[in-house]
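Below is one structure, written out as structure tokens; comments come after it.
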């Protein structure tokens, strides 16, 4: 059993504690938070767990094997670095850090010490996203032409990060996972509707090379909650709607066929295919449960997590580029990614 | 009764002929098309109407008062200019012309000859869009913060225009009409998935001044048909879903309230309001019927149409800027609009 | 070309005329209606067709091969019998007659004269219903366990027939067609909410033998329009939602499995299967077009129509029983059907 | 603080324990269940609570003020009677008992001892149902004409009760609460698709006097989960869809108007009104939390619960009649209800 500590008991922390406690692979030794009322809540819910307002106490506790960090983004780097230096395996809330440079430093430290560094890209562990990856990787969709996602709702406005860092991070982690794509350049626009607040509405285009284009629409000020992604392939296409109670993933046998005869008119050249739609049965295990078992596997075997430092870094690079582009009203920002596999 | 001729009997032409025939204010004298089979179809459906492959024959027919043009975009200017020069009132399919310079020239010619020049921005005449304009103009929504539209489906790929000119033209005409806004700058991205074909997927951001931002997502290669617009106001917000059989327009009494106390934390500063939603009853008269009666009114009274040359020009300016931006991967393009009302 | 006449130019008549005119197999010689304004409308829409207020004129016209009857139900029998006696093939609006006895007499007359007698059960000719029949007949669903249909909307209240005869007739014709089932007994309840008017809301249960049960919920006073049928099979199940723009038919690989071990508890005995769902591509040809081509085939070949007199009779027998049961607050009414195939 | 014990820790028991623990008005002293693994689960989840396989131990514990019973229906009466005789207040899972005679005996016992007897008709305490009651009671809908409910899904097949006692109980408790109606007669049909099992599909019609008709469609063997109720009023109509994430209740300003002129035709007599729809904002507190606070109020004040013995009895009377009718293929069963208010 891997003994864990959870730093930060806000919105997401209780889910981490509950799942660490019930995973069968891990136990929870302690919880820390700066707010007294959150510590009281933690102890009422999980009697017998140490609760402290001093994260360092947990990080340096020799009885702790791994530290999970679910605090505001700006504190991720310092806490994760301290935990790695104390010899702990680390799971960090998304996004992994505030800058790509910080992510690289964590990756180096973890590699040097042979510790597991993992980022909590939760959606990657859902039955829906894993099924989509299977469909894409098996070439069932043909060549992927576009990835188009909408993630909007009312609230929660953040102060320290804009809507891209809060919401688009999900879409980018999913897109990177299912497509195995590399973002080469980004352009983004957005707007703040609160004085001095960060942008609460934003639109990102991601150029991935070839004719693959990604787009993400995020908004904290929408009257309705939408979570819908279209993935267009040359053979089939997917609609992934996370608001559906069932049938979250629909696969459409639809597309165009191009008749190569240059003598025909343009419209005659293009045919439209429309076949059956099907919604595959999805695994329904809670994503966080799947994720924490994977974390335990990696800690025990030394394997690289699916959502390791590299995955965290790749997302932060796009977020950095997007925010910079947005501040310059859509200026194209190239991304210089380190070669895949250069660091683990 | 205004005697009309319809030039172009393709996809939209039959709707024009039928509505001109049944409006009670207009009659149809003749139809022209370059394709013999289309002329046969027109005559089978509307016996007694002159059918010709020579548009000039109708344009110069002294028995014709007005000419409706529903041909490919590239021919709009020449046909409309010829009709105006022949002293005919003109209704042109959207977009009004291929360039803003052409639109200005048609506007000048119509003004000089005191003829009606109208562009067929059909959606402006639907019950849904007119209701939305009422809600916006009455300040029911408060300040408008964003306009976010999705218009995607499978097909019909065009050769002579990209997806922006084919689909986004609808959203831009609606946005301009309901918001009375002025696009100041545009950035757009897109992609073609057919060799040498125009872009079939595109994303536009429109900056309208202040903190009002518009966005349009258009796609010819989507597995599902979506027609959904979110309009965010400081007081209320609208979801306009044209795929709904009824309740196309929903008004949400939702939003944020900003507590000015700078002493509180950022999150405490922002409150979320959530009240009733309502779906106003909409007028269900066919939009084209409403539009053609308005055309008849303008012809008879000399009044400026709601969708006159100015409205057509404003849309073409955004389309031009968007395509130019898209070809430069999101480069910001400023729009220098003539002052409102300078030309009719 | 089969020369047809259409008696009755109300709500449905124009669709009949248009489809007879465009089927490529039939032409329209004349239209009759008792109302002068309907005749004017017919002539404006279809110039060149004879319009008369005297149905007998068409029925006895030697130039007419077939007569389509789309008048109120109470007149179906007299008009159809007159047409058969005049040697015409007959297509009658649904339900075929007001009583099963009338239906039997029409069937006899048609058989004696070797004329085609067909009832316009339009839904049977839709791509959706034909696909459902294929799925059922191929045993893809396993044994059929239930058929549960809802058909509700606001209006149109009828005076001469109750809501069962107006709406449930559709469901019963579909159920009989896809299941090849025989209704053995019926119980129905309902209510009128208009003084002296027929029932505007009704619920029918149809016992079909074995453990197959049918149910139909019809209502003229619903705030929303619903058209949804569930068909439960021992292997798979169908949801048929006619209000869906696409994906009208969904096939669910869901059900229960019964573990025969009597030692286990009851709940352990029953397992729940949940697999993929798929929505087959449907043929989109207008149903009436398919139907009229089938009518032409039968007229020419002498074959028995899919929706011949027997199909019309079987539905009327259920309608009769249902109304009788409803007037007696759910009393069970047995149906004595003639043996299948006794009459054509 | 009211000290409670929960008898039965199966599907619903954990929700009772959690809400009793967090209500702020009650505490949980102990939990009992016959199954050892359920007791282990209870203790893991709620350390510090007594867990026993002997319900009598809790019922007779002088430290317990109130007992909540969430066991199979057949045991409700014995357990509740024992608890009342031990001087405890009682909350019983729905339906309150297996027979109306049992319900009357519990009511008598509770009245004699001045103890609170309440049945857990949970839906009555949802924001949606309370809002619907407000709308009906304020006469916003006009006269209520019908109540039409569908509650279908796949599973969970029961052995000891049929689908009416398992699912329709919800609809009947809601209907009785929002309409203040009295069922006068019932007719029901149904079918079992498992050998020797109770009916898994059923249809009930409830006659409530005047022209008010109720209907409930319940099914354990549906491929999709539906929870939808239509309530028709003479002025307005409601659609209550519990599967909606938001906007569960929609109020339609729709209906018919009857023109009294007997000279006009029947169809001219009836006009169709179609106005706005609105979805009122609903309170989102968890229903069980609202319910348990109401239970605490009643225990402390001696007031009669909204869902007291009388409400429980009224539902059981309909269930009894429905099952009897179903076994006789729809035979009408009259209900002889005791006069309202005769017993508390």
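To keep things simple, chains are lettered A, B, C and D as they appear, and every chain counts its residues starting from 1.
Following the convention adopted for this analysis, contacts are C-beta pairs under 8 Å (C-beta built on N, C-alpha and C of every residue); 3 or more make two chains touch, one makes a residue touch a chain.
Note that the coordinates shown come from a computational prediction; the quantities given were computed from them, not determined experimentally.
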Selected pair, greater C-beta contact count between B-D and A-B: A-B
Most widely separated chain from chain A, with each centre as the mean of CA atoms: C
Gap in Å, rounded to a whole number, between the CA centres of chain D and chain B: 53
Whole-Å separation of chain centres (CA-atom averages), chain A against chain B: 38
For chain D, residues that touch 2 or more chains besides their own: 224, 274, 277
Touch list for chain C against partner chain B, complex: 47-48, 224-225, 243, 245-246
Chain C-touching residues of chain A, taken from the complex the two chains share: 247, 253, 274-281
Chain B-touching residues of chain A, taken from the complex the two chains share: 145-146, 148, 150, 152, 154-159, 185, 187, 189-195, 197, 201, 203, 205, 207, 211-213, 215, 217, 219, 221-224, 230, 232, 234, 237-239, 250, 252, 254-256, 258, 265-267, 270, 272, 274, 277, 325, 329-332
